[in-house]
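You will see chain A twice below: alongside chain B first, and alongside chain C after that.
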Partner chain A sequence: MLAYLIRRLLWLPVLLIIVSFITFALGYYGPADPIAALLGQHYDPEIAARLAHEYGFDQPFLVQYVKYLGRIIRLDFGESIKYRNQPVSRLLLPRLLVTIQLNAVASFIGVLLGVSLGVIAALKRGKATDRVVVSGVVFGRAIPVFVAGPILLFLFARTIPVLPPGGWDGIFSRSAILPVLLLAIGPLAIFARQTRAGMLEVMGRDYIRTARAKGMREMGVVTAHALRNAFIPLLTILGFLLGSLVEGTFLTETIFGIPGMGQFAFEALGGRDYPVIIAVTLLVAVAYALGNLFVDLAYGFVDPRIRQA
Partner chain B sequence: MSTQAQADLRKEVTDEATRPRRSLWGSVWARLRRNRPAMVGLIIVILMYLTAIFAPLIAPYEFDEINLENVIAGPSLEHPMGTDELGRDVFSRVVWAARSAAFVSIAVTAFGLTLGIFFGVLSGYLGGWVDTLIMRLGDVLFAFPGLLFVFFIAATIKPGLTTWLKGVGLGDVARSDYLDYLVVIIALSLVGWPGLARLIRGQLLSLKRREYILAAQAIGVPTWRIMLRHLLPNSMPPVIVAVSGGMGAIILSEATLSFLGIGLQPPNPSWGAMLFQYYPYWRHASLWPLLFIPAAILVIVVLAFSFLGDGLNEALNPQLD
Partner chain C sequence: MSKDSRWIPLIAVVLLVCLGAICVLGVVGGTSFLGRLTGTEEATSPEGGARSSEPDAAPQAATPEAAESPEDEAEEAPPPAPSADGQVLTVPGGDPPTLDPHLSGDATSAEYVVEIFSGLVTFDRDLNIVPDLAESWEVSDDGTVYTFHLREDARFHNGKPVRAQDFKWSIERACDFRTRSITADTYLGDVIGCRDRLRDNADEVEGVQVIDDHTLEITIDQPRVYFLSTLTYPTAYVLDQENVERGGRTWTDNPNGTGPFELAEFRFGEIIALERNEDYYREPMPQLERIDFVLTGGSRMVMYEQGELDMTPVGLNDIERVTDPTNPLSEELNSIDSMGIFYIGLNNNQPPFDDEKVRQAFNHALDRQRIIDVVYKETVPVAWGIVPPSMPDYENPDLKPLEYDPDKALELIAESKYGDVSEFPDITFHVLGAGGATGRIIEAIVASYEENLGVQVDVQQTDWATFLGDLNRTENPNQMWGGEAGWIADYPDPHDFLDILFRCDSTQNHTGYCNPEVDELLDQAAVEYDEEKREALYRQVEQTVVEEAAWVPLFFGVDDWLIKPYVKDAYLPPMVIPKYQYYSVEP
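On to the complex of A and B.
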C-alpha cells in the first residue's frame, strides 16, 4: 500500500509540470501579441520593445516558463485583461466558493438518487420500474446540459412559475434548486446505470445463492452482501463524475447567471481574457488530478488487488 | 462401413459445402438487423448524413440569408420552422447545421483514427520505450477533465493558427468561417486520439498471442500478410464500436463548443450555436418553440448514435449477454 501511495504521489507533480507547460506553451504561441493588443492604434515599435522588455517578453521561452512556474506556485496568475488592475486570484476566490457549494450539493444529490434508483431497478429487474429507470438513464446521458437547462427553465419558471429563473442567493435559497437539479442529471444517470449493472452482476454470484440457501432474509442478503460488493466499482466512476461536473458547471452557471467560476471562465473564453482562461484551466486540472488521486487511493484501499497493478 | 452410412456422410459433406456461407460482416449485419433501436438509430444517422450531403438542395434558403422585413415569424409555408431575429430561415439553418455536424464528425474521426492507428500500432508492435512514451503522453491528455482541454485549445490556438496559415501561403483558409471549422477539428482530434491508440494497442497485444496468429507464423506467412489479413481485421470490431459511439460524442462536443462561443460562430450554422442564440427565448410567449427545434434534433441525433453504437457492440460481441 505504501509503495502504491508513493508511486501515485510522485506522478502528481510530474503531471502538474506537464499540464502547466502545455497551458503556458499554448498561451505563449497561441494568442495574438498582448503588447499589440494593449497599445492598439497607438502602436509604436519603440514603445512596444520597451514594454516587451518590461514584461519580460523578450527573454527566451524557457526562462519565461520558469518565471511563470514561480509565479503560479505563489498563486499569482497575473491581472485580468477585462477587469483591469485586478489580480486573477482575487477575482477567482469568491467565485470558486460559489462553484464548490453548487458542485458539492449537486454531486451529493446526484450520487444519492442515482445509487438508490440503480439498486431499486436491479431488484425489480425486468419490471416496469426497471424499464423506467433504464430508459431514463439512456435519456439522461444523451440530453446535453444546454438542452436540459432551457427546458427546466421553460417548465419550472414559465409554464408552472414556481422557481426563480436565475440569479444566486446562496446554496440554501430557492434560486439554487434548478441549477443543482440540472448539474445532478449527469452524475445521477451515470451512477444509476453503474449501480444497476454492479448489483445485477453481484446478485448472480455464488455467495448470494449461499446466503439465500442458508435462509437469510432477502433484505439481509441485499444489505450485507450485495450492496457492499456492488459499491466497489462505483469508486472508479467518481473520476467520470469529476469530468462531467467540470463541463456541467460551465454551462449551468452560464444558463442560470450564477456568479461562479464556470460563468467567469465562460466570460473569459468569449472575451479572450487569457490570464483568466489559463488560471481556470490550471485550477481545474489540479482539482481534477487531486480528485483522481483520491479516487485511486480509495480504490487501492478498498480493493487490495489494485495495489499490485 | 455400410453404404447407408457412406451415403449419409456424403450428404452431410455436400450440405456443408453448399450451405450459403456467411462472412463475419454478414452475420454481424444479420444480428444488427434484429435489434430494433439500433436499426432506428442507423436510419436516423443515415438520414442526417444524407441531409448534410444534399443540404443545398433541401434547404430553401442560404443559411446566412438575412431578411430584416420578416424577423421572428412563426411557421409558415415559406418558412416551415419560422425565422430568427435576423429573418433567417430556421429550417434552412437547421439543415445546413447538419452539414457542419457531419463534416466535423467525419473529419475528427478521420484524423483521430489516423493518429490512433498510427500510434496504437507503433506502440503495440514496437513495445519498449516507444510504447511507454506514447502511453504516458496519452495519460497526460487523459489527466485533463473531458472537454476542458478542448475548450482551452479552441480558445487559444485561433490567432496563432491564423498567423501560421498566412505564413505558409494558405491565407484563404484563414478566413474566419473556415478557421472555426479548423479550430474545432484540431481541438477535438488532439483530445480524441489517445483513447483510440490505447484501444488498438490493447487489441494488438492480445491478438499477437492468439493461436491462429502463432499458427500463421509457424507455417511461414509473411509478417505484412499477418498484419493485413489477420491482425487488422480482427482488431476492428471494438474500434468500430468506439468510432460509432464517438461520432455522437463529437457532434455533441461541437455543439457544446459552439454553444460556448469557441466553436463554430455565427453566421456559420451549428445546432449548438443556434441553441445559444435561442435559449434566452424560453420566457417569450411567441418565441419558445424556436428553442425546441435545435434541442430536439441534437438529442435525437445523439441518441441515434448511442443506440447504433450499443447495437454494433452487441452484434460484434455476441458472447455478451
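On to the complex of A and C.
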C-alpha cells in the first residue's frame, strides 16, 4: 500500500510538468499577448518591445519555459502582469480560501443530503417519496445557475429582503447562504441519483437476500451490505468533488459578487495574465490528482479485491 | 462478511471527517483572514473591470450587471435606509491593477491613485489646469523651460515635507525602464532626458533640475501647448523615495502619498477604504472622513436601492426604468458626458474601404440618430464629429456631418472604383465579445448596411486582448471594427483625439488614414499658443477627417449614476481626476 502511494505521488511532478508545458505553449502560441492587453490604448511598439524584454517575453519558448519551471520548483509563481508587481501567490491565496470554504461547505451539504435522499428514494422505490426525490433532483439540476441565482436573489434579497444581495462576509455570514445552496445543488443531485441507482442495483443481489434470510435487521442490511457496495461508484465522483474544491465557479461568483477563484481566473484569461493562468491551472491539476489518489486509496479500503490487484 | 462490514461506518466517517476537516480548515483560515471585515457593506457588481479599467468598453452596454438584473421589472424600491452615518461615503469600486501612480495606466487604478497622491498641477471642476503641489510657475519665452515654485506647506501623509528633490527622484523613477511604466513615454516623454533613460542610456533625467528645495525646473524638447496637462497624469506624481525603496515591490501596501485621502484599508476583491488626510494642503479641503470602495460584486442596483451603496452607475438594462419620470429613482439620476467616442473603424488600406467614396457611403447609409436613440434609449448623444461635447474650450458648431442619406450612399458607391457592391470583397466586422449575442447596436448596424446598401457584413467577435492585439499590429488585419469599442480621453485636449488618432504615423491611428494636409494643420496646432487660432485649426482637421470618412463615428460616451440625495456636491468628472474632496454627506 505504501509503495503504491509513493509510486502514485512520484507521478505527480510528471503530471505537473505536462500540464504546465501545455498551458505555457498555449499561452505562447495563442493569439494576443499580455503586453498588448496591459498597454490597452497606450500601445506603442517601442514601449511594448521594451516591456516584453523586461518580462523576458522576447526569449525563445524553451528558455522561457525552463526558467519558469526553475521558479516553480522553488514555489515562486512569479508576478502578475495585470496586477503589476504583485506576486501571484499573494493574489491567489485570499481567493483560494474563499473558494475552498464555499465549495467545501456546499459539497458537504450536497453529499450528505444527496446520499440520504438517494437511500430513501431507493428504499421507497416507485412510491411517491421516490418520485418527489427523483423529479426534484432532476428539476434542481436542470435550472442553470444564471437563472436560479437571480431568482433566489430576487426572492430573498429584494421581495423579502432577509438576505444581502451579494458580497462576501465569510462563510458564517448571511451572504454565504444563497451561494452555498446553489453550489450544493450540483453534488446533491449527482449523489442522490448515483446513490439511488447503486442501491437499487445492490438491493437485488443475492447477498442481500442472504443477509435478510439469516435474519439481519433491515437497517443493518442497508448500511452494512447495500450502502457499502453502492458506495464504490460514488467514490469516483467524490474524487472529482475533492479536486473541484479549488475550482472557482465563475457564474455563481459573478452573480453573488464573491471574490473567489472563478472571477479571478476569468479575468486573468481576459488579460492574458499568464503567470496567474498557469498557477491556477497547476493548482487545479494538483487538486484533481490528489482527489483521484484519495479515491484510489479509498477503493482499496472499500473493496478488498482492488487492494490485492 | 462480518469483517468487511466493519469498514462501512469507518469509511463513511473517514469521508465525512475529511470533508469536515476541509471545511473547518477553510473556515478557520478564512475567518482569521477575513475576520477583519466587520462592516455591513457587502457588494457591487464587478463592473470596474468591464467599464472603467478598459477605456474602450461601451458605456452601459458592457456591464456584466446586464446579465443578472432580475429586478428590472420591479417598479418600486424598498424605502432607502441611509447608510451614511457621519461623513462616510460608500461607493462601488473595482480591484485596481496597481496603486503605484507611475505604473497605473487604466481608469480603475487611477480612480484611487488620484485621491491618494498628487502632482505639480491638476484640473479643477471645469478641467482648467490649476496649481496643486506647485503654487505657481513660469514658462520661458521659447516655451521650453518651466520653473515650478512648490508650496512650502505641503507634506506627505507621514508629515515629511515635499521638496523639489522628491519630484526629481519621482520623475527619474517613472522614466526608469526598470519601473516598467506604460505611460512614461506618453506623459513624460517630452521632458529632456526621459526617453533616454527609458531606453537605458541615462542615469539621470537632465530636463529636471532642482534649483532649491522648493523650486523645480523642467525643460522640454520643444514648445508644447499641452505640456502642463500631461503633468496632471499620475505618471508625473510625486512619491516618497524612502517609502518606495523600503516597501520593495509591494510598497503600495502602505503608500505615503500627498493627496487629499490616505489609504486606510485594502483587501483584494473586498474593500478599499480611504481616510481623510487631515493635513491636506489645499482648498477644497476634503469633507468626507472616509470613503469605502466596495470591491465585491453582486447586483449594485439592488444594493443601492437597499441603501447599502450611496452611489451606483446605471447599466443599460436599468436605464429605461430609472429614467421613467414616475419612478422616484429618476430624481436621483445624474448623467455626465464622459470624454469618449465610440465608432466604427474602417481600414483605409483594405478594400473596399481604401476608396474614400465607399467610406462616405458607409457613413451615409447608417441612420445613426434613430439607431442610437433606440438602442441607448435616448441617453447618449450621436457623434457627428470626433471631439466629444464635454471637451473644454472646444466646439465645432459649423461641422458638416455625413448625414443619413441612403440614396447618396448608393450614388457614392456607383461613383467609387468598385462601381457596385457586388464588386466588394467580403466584409468582416470585428467586435468585442466572447461568443454570446452581439450588442443590439451591432445588430442594427449590420441590418442597416444590408437594407440600405445591400451589403452583407459578417460579424466576428474577439475577446478584448485579441481585439487590442490585432489593432496594434503593424498592419492592422481588421477591415472594419469597433461599434461598442472606442476611445476615451487621456487628457482634455482636442490633440488627444485629432492628433493621436488621425496623424499619419501615430501608433494609435489604426485606420491607416493619412492626409499630409491634416498633418500639416496638426503640426501648426501643436505649437499654436493662441487659443482661438488653435481651436480653428482643430475644427478644420475635424471637418476634413469627418468628410474623408476615416471612421463612422457613432456616439459619445455618457455615464449615468444614481446618487442618494444626502450626498452633497457630488461631482462626476468626464475623466478620472481627483473628485472626492468636493463631496460631503448630509448627516
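Quick notes on this structure:
The rule is short, and it goes like this: the second predicted complex is superposed on the first by the 249 of 309 C-alpha atoms of A that agree within 3 Å, B and C clash if a C-alpha of one lies under 4 Å from a C-alpha of the other, contacts with A are read in each partner's own complex, and residues count from 1 in each chain.
As a convention for this text, a residue touches a chain if its C-beta (ideal position, glycine included) is under 8 Å from a C-beta of that chain, and two chains touch if they have at least 3 such contacts.
Note that the structure is predicted; figures quoted are calculated from it, not measured.
In the superposed pair of complexes, A:Glu79 makes contact with chain C only, with no contact to chain B. In the superposed model, A:Ile258 lies in contact with chain C only, and not with chain B. Of the two partner chains placed by the overlay, chain B and chain C both lie in contact with A:Ile151.
When the two structures are aligned on the shared chain, A:Pro161 is found in touch with chain C, with no touch to chain B.
Shared-chain residue A:Ala224: touches chain C; no touch with chain B.
Of the two partner chains placed by the overlay, only chain C lies in contact with A:Arg95; chain B stays clear of it. When the two structures are aligned on the shared chain, A:Ala48 is found in touch with chain C, with no touch to chain B.
One of chain B and chain C touches more residues of chain A, and that partner is C.
Once the two complexes are overlaid on the shared chain, A:Ala3 sits clear of chain B and of chain C alike.
Within the superposed three-chain model, A:Gly270 lies in touch with chain B and with chain C [touch as defined at top].
Touching of chain A by both chain B and chain C, each in its own complex, is seen for residues 31-32, 146, 149-151, 153-154, 157-158, 165, 242, 254-255, 270, 272. Of all residues in chain A, those touching chain C in their complex are 31-34, 36-48, 50-51, 54, 79, 82-87, 90-91, 94-95, 97-98, 100-101, 104-105, 107-108, 111-112, 146, 149-151, 153-154, 157-158, 161, 164-172, 175, 207, 223-225, 227-228, 231, 238, 242, 245, 253-259, 263-264, 267, 270-272, 294, 298, 301-302, 304.
For chain A in complex with chain B, the touching residues are 15, 18-19, 22-23, 26-27, 29-32, 138-139, 141-144, 146-147, 149-151, 153-154, 157-158, 165, 242-244, 246-247, 250-251, 254-255, 265-266, 269-270, 272, 274, 277, 281, 284-285, 288-289, 292. Within the complex formed with chain A, the chain C residues making contact are 1, 4-5, 7-12, 14-16, 18-20, 22-23, 25-27, 29-31, 33-35, 37, 41-46, 49, 54-56, 64, 67-71, 74, 78, 95, 97-98, 100, 103, 105-106, 177-178, 180, 182-183, 185-186, 198-199, 249-250, 267-270, 294-299, 302-303, 306, 308, 463-472, 474, 487-488, 490, 507-508. Only residues 140, 143-148, 151-153, 155-160, 252, 255-256, 259-262, 272, 275-276, 278-279, 282-283, 288, 291-292, 295, 298-299, 302-303, 306 of chain B touch chain A when the two sit together in their complex.
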